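I've put the structures underneath this note.
The two complexes that follow have chain A in common; it is paired with chain B in the first and with chain C in the second.
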Partner chain A sequence: MTSNTATMNGAIAGPSLWSRMMSGQAGPVTVVLMALFVIWYGGAVLMNAPTQIDKYNRADQTWTKMQLIEDTLAQERPILPAPHQVAQEMYKTIFATKITSKRSLVYHTWVTLSSTLLGFVFGTALGILLAIGIVHVVTLEKSLMPWVISSQTIPILAIAPMVVVVLGAIGLKGLVPKAIISTYLCFFPVTISMVKGLRSPQVIQLDLMRTYNASKWQTFWSLRLPSAMPYLFASLKVAIAISLVGAIVGELPTGAQAGLGARLLAGSYYGQTIQIWSALLTAAFVAAIMVVLVGWCERRVLVRMGARS
Partner chain B sequence: MTLKAVVNNVAKMPASTDAVVDIQKLSLTFQTADGPVYALSDVDLTIERGDFVSFIGPSGCGKTTLLRVIADLEKATGGDISINGVSAQEARENRAYGYVFQAPALLPWRTIERNVTLPLEIMEISKEERIRRGHEALKLVELNGFEKKFPWQLSGGMQQRASIARALSFDADLLLMDEPFGALDEIVRDHLNEQLLKLWARTNKTVAFVTHSIPEAVYLSSKIVVMSPRPGRIIDVIKTDFPKDRGLDIRETPEFLEVAHRVREGLRAGHSYDE
Partner chain C sequence: MKQVTGTHSVKLDKFCLVAATAALLSLIFPLTGIDAETGKQIAFVGDIPGLAIAMALCVIVGAAFTWLGVGKIQYAAIILAVAVFGCWQAVTALYDHGLAGHATSGFWLFILSLWAFVWRGIDVVARYRSLETAKQQSANILVPIAFGIWLLFVWEVIVAGFGVPQVLLPAPSAIGVRFINSTDTLAADFYQTFIKAVISGYVIGCGSAFIVAIAVDRVPFLKRGLLPLGNMVSALPIIGVAPIMVMWFGFDWQSKAAVIVIMTFFPMLVNTVTGLNAAGKLEKDLMATYASGYWSTLLRLRLPAAMPFIFNALKINSTLALIGAIVAEFFGTPIVGMGFRISTEVGRMNVDMVWAEIALAALAGTAFYGAVAFAERKATSWHPSFRVRRH
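This part shows the complex of A and B:
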């Protein structure tokens, strides 16, 4: 009897520990992260091995498998740098370098981030204004909506240099042209979501406003805009991420001297793969942090608007 | 004013000078892809000040449409309608009525208080006055103490009471109610019916009330309008003379049952037309 209970307990305790680990967000994320590291290290060894073996042969050196693995993970210009190499580079350029230095990744991140944020503000404002026009004026819906959609079918890489050159000709340089490229990318999801959001009030709610003889603007402020808030935040999460993409793309074709895009470009000129990867990862972190911040604002606003927390 | 105009005006004057709603030969046809739908046909009706008028009939008989025409949420395609002597549109623009929908239609991001004072906000009434009137309206439906709650924190019956308070908050003389208790259970409905009667007796408002429940119609009304579908029309108007402060127990009296019987007969007659 006692042994029976013991085995039963054991059988129950086993899966429950696993399911407890996997029930939160931390467990699954850790598993995926570890899988990524394994694939990354494996890939680094495989991709860097040919050049390393070449090097051994030229130096007439004998090598063991262990030595090969060690060396492929410590090359100066690997085809695929190992995670720890990227981490070291990031530590060096983010924490160990003065942020005013041109070698500091913080400095470059700030250059890109400032135009990302400016573009995001422009894009959000433009997106909301377009949506308000489209929802309220039938002619605007018919005339603007096709342009809004076709604007996104043009590759941003084709437009970016033109924007920079044209604006440069009228004396706008640096921050603003990049921000405008971000704006161009990020107004789109805001417009599309806000049109849907501003149209989301139910017929019964619109009828209610009509019984009060509410004006278009009163209906907008008391009904349409609050109804659209969840749609707005969903689109802002997309907009902030692609705003960063826009800012980086804006730095690429112009040979910008500073910014994450400039770091990517310089890295690829000189075969500095470690530098490319650390700029890439930094961009990814920045994007993640911004999306999290937008999500935090969303929760704050929606809780104030009575959402069940 | 010429003599002819005066004569015209006299001719247009409603039969009773105290008519709140006066409808003559009203019809409404919806044009649909499958041909015209006759939602209302040849409707004549007068609602007098202080009346509690119920509209009863099977679904599709146009009772909700008729209420929406009175509220100027639909436009009649024929006939005349006047509210307080002016057109339905002017009446709506004057905020002559409070409307209670089938669903509470509370705005989920506003507290109960701010939902109830929404019409006052749109009428640009000062904040202190809004809060005062909101309190009063909530007291009328016995919801005081729930000012700061959000709609989802209230039961369905309480939400519907809040929506009634919202219709009462700006003190319109006419209350239009479209099956306000249709989604509620019997016990809550009885309770709200009682409260509504008390409110009517106290405020002396004119009420137009759409329902598909015979006991509800007979219990609440001073006048019952029985309607029939295809085309939507009035087939009987029954006046009752129960006292204004009636209790739920009148529902067991012979007079009550007699009226209920007449309503049922009317509904049945309307139906046989269909089969």
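This part shows the complex of A and C:
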């Protein structure tokens, strides 16, 4: 946000526009992004050139350098698709296809997004409940906390497919198994930060609550919870991102039916690199949008909770 | 909950009361369901002397401590010892006396009684305070271990008692047996996935990010441009590049290492760059008065100050690396590797093998994390977070 204002101020100030733009964040980020695009195009030409030259040789065709570059950026199954190819594919599958169609990326995104959000809600609820328990019960803190932490050294993402298959075997299909994986991934950051947040009130504030003869519940509701909010939202941003990862990986074993993960898998089976890249970029956009949305909620809630802005 | 101390307290110990009552009821209620063929109960308490003794012991000890209170650590030890004996008898009854799959209310009441004992015992140990570091530390370690063993026991008893199908969830004992019987396969998978892919990917990813971070740190422009992007990248589902890497680098471990390099690069980059800015102005001024140059300041002040951040990234990456390797194996692999084994054995419904593989992954992940944490302790022992907390 500060970067935007920096560029706007630069436009008003006129003469020092360039230096102002480059001293904020927006300028450097744009330059780095442009550099990435250039590298991407260069990489696409370099990586696709061998197959293209091979093709020319087989067709006994003579070729110029310009023609080679042009053709490497327009292959049907390139090793590395060019940005504009991915953009075209994304436009085609997002805007030009009916959203009920199985070829529409919107449809697949929705399949993934629904289980992401369900898992996110479950995970957040579980995480908050665990944190409340850990903060209020000493035994839980001592016995449960180490296991909460070590539960995350287990590569749960790796067993996601098994969870899906096994739950499918007993008749649980579709949304729920994927949501369970997302839940497992989500709860951890929420628990850790909420424990920190619920403990963040200072002794002097807790003492004040005691002088008011406030009950445990009142202290929790009007002191601990509001002061935990900044911690909660910091963790929610992490949680929503890994929730999406969980949902995508959970789709891998379902035999490529629906969802962004299924698109990835289908793309890798049939060598449809453009399809893989467009699914990947869509997932990235969805993740970014969700993080931004959580950030928006954060500002609203913090203002309501009496944060000094 | 008020702590009950001394024998003169009138206050009854609630958990011990629950334990005694539940154990008493478990002697009365039926232990098992009715056999379909004979129309009789499969087993009575009287048939299983060990279980009967354990139940009676629970009643007596529970009643005694309801009155006495569990104020002393020695009492907690007695309670936990009784609970361990009870757990042992319960498992024996399940497997040796045909209770498995037929357990009913009597048995579950006994488990409830054991739960009350374990909870009360752990509770007392968790509140234990000693000025002797060794005693305090062993108490601190005992609590989570006892809790973990209890969770394993509950898992075992629920799976066996309700006769949960093996496909859905195998008992821990079955997983353990499978683990021991297939160490050769597991060792081969471990070598392929962990030693080859994870270690090389982790070293290359973290190492290159570290070098790039030091280079970026010298150029403020790049720093401002890369940091926001690096932060954003950590929110993206990078694991999705796995199919692309498998296409580029083939089925063997190189493609997995490539996925790990990409996954571990950005956390390390962002953390190192942040850490390099962590040194305070005062310290930097001091180095300036010593006329120390860039490299000397970097080595003596800024890198040591960045260590907590760097180790934070190394710890995050240790779990990411294992995940990356296993997930990348779902997209194509030679016929060995942890991810390969998981996906094929799931297809054949050999769920106990899958769980053995998960146990291996958990062990490897925890050991890896533990090793990094240990190195952190050695390297940054000066950091405030390692100071011993005195209560």
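Keep in mind that, in the parts below, the second predicted complex is superposed on the first by the 286 of 309 C-alpha atoms of A that agree within 3 Å, B and C clash if a C-alpha of one lies under 4 Å from a C-alpha of the other, contacts with A are read in each partner's own complex, and residues count from 1 in each chain.
The rule we apply is simple: contacts are C-beta pairs under 8 Å (C-beta built on N, C-alpha and C of every residue); 3 or more make two chains touch, one makes a residue touch a chain.
Everything numeric here is computed off the predicted structure, so don't read it as measured data.
Novice: After lining both complexes up on chain A, report clash or fit for chain B versus chain C.
Specialist: Result for chain B and chain C: fit.
Novice: Taking the superposition as given, does A:I276 touch the first partner, chain B, the second, chain C, both, or neither?
Specialist: second
Novice: Name the contact category of A:M162: first (chain B only), second (chain C only), both, or neither.
Specialist: second
Novice: Quick check on the superposed pair: does A:M305 touch chain B, chain C, both, or neither? Answer first, second, both or neither.
Specialist: Touch status of A:M305: first partner only.
Novice: Identify which of chain B and chain C touches the larger number of residues of chain A.
Specialist: Tallying touched residues of chain A, the top partner is C.
Novice: Using the touch definition from the top, say if A:Q202 reaches chain B (first), chain C (second), both or neither.
Specialist: Only chain B; A:Q202 stays clear of chain C.
Novice: First (chain B), second (chain C), both or neither: which does A:L46 touch?
Specialist: Neither: A:L46 stays clear of chain B and chain C.
Novice: Let me test your reading of the model: by the given contact rule, A:V138 touches which partner, first (chain B), second (chain C), both or neither?
Specialist: Touch status of A:V138: second partner only.
Novice: Of all C-alpha distances between chain B and chain C after superposition, which is the least, in Å?
Specialist: Between chain B and chain C, the shortest C-alpha distance works out to 8 Å.
Novice: Residues of chain A that sit at the chain B interface in one complex and at the chain C interface in the other, please.
Specialist: The overlap between the chain B and chain C interfaces on chain A is empty, containing no residue.
Novice: In their shared complex, at which residues does chain C touch chain A?
Specialist: Result: residues 119, 122-123, 126-127, 140, 143-144, 146-148, 151, 167-169, 221-226, 228-229, 232, 234-237, 239-244, 246-248, 318-319, 322-323, 326-327, 330-332, 338-339, 342-343, 346-347, 349, 351, 354, 358, 361-362, 365-366, 368-369 of chain C touch chain A.
Novice: Please name which positions on chain A make contact with chain C in the complex.
Specialist: 22, 24-25, 27-33, 79, 138-139, 141-147, 150, 152-155, 157-159, 161-162, 165-166, 169-170, 237-238, 241, 244-245, 248-249, 252-253, 260, 264-265, 267-268, 271, 273, 276-277, 279-280, 283-284, 287-288, 291
Novice: Quick check: in the complex, which residue numbers of chain B touch chain A?
Specialist: Going through chain B, the ones touching chain A are 71, 73, 92-93, 95, 97-99, 101-103, 105, 107-111, 118-119, 121-123, 150-152.
Novice: Can you list the residues on chain A that touch chain B in the complex?
Specialist: For chain A paired with chain B, touching residues are 202, 204-205, 207-214, 218, 222-223, 226, 229, 305-308.
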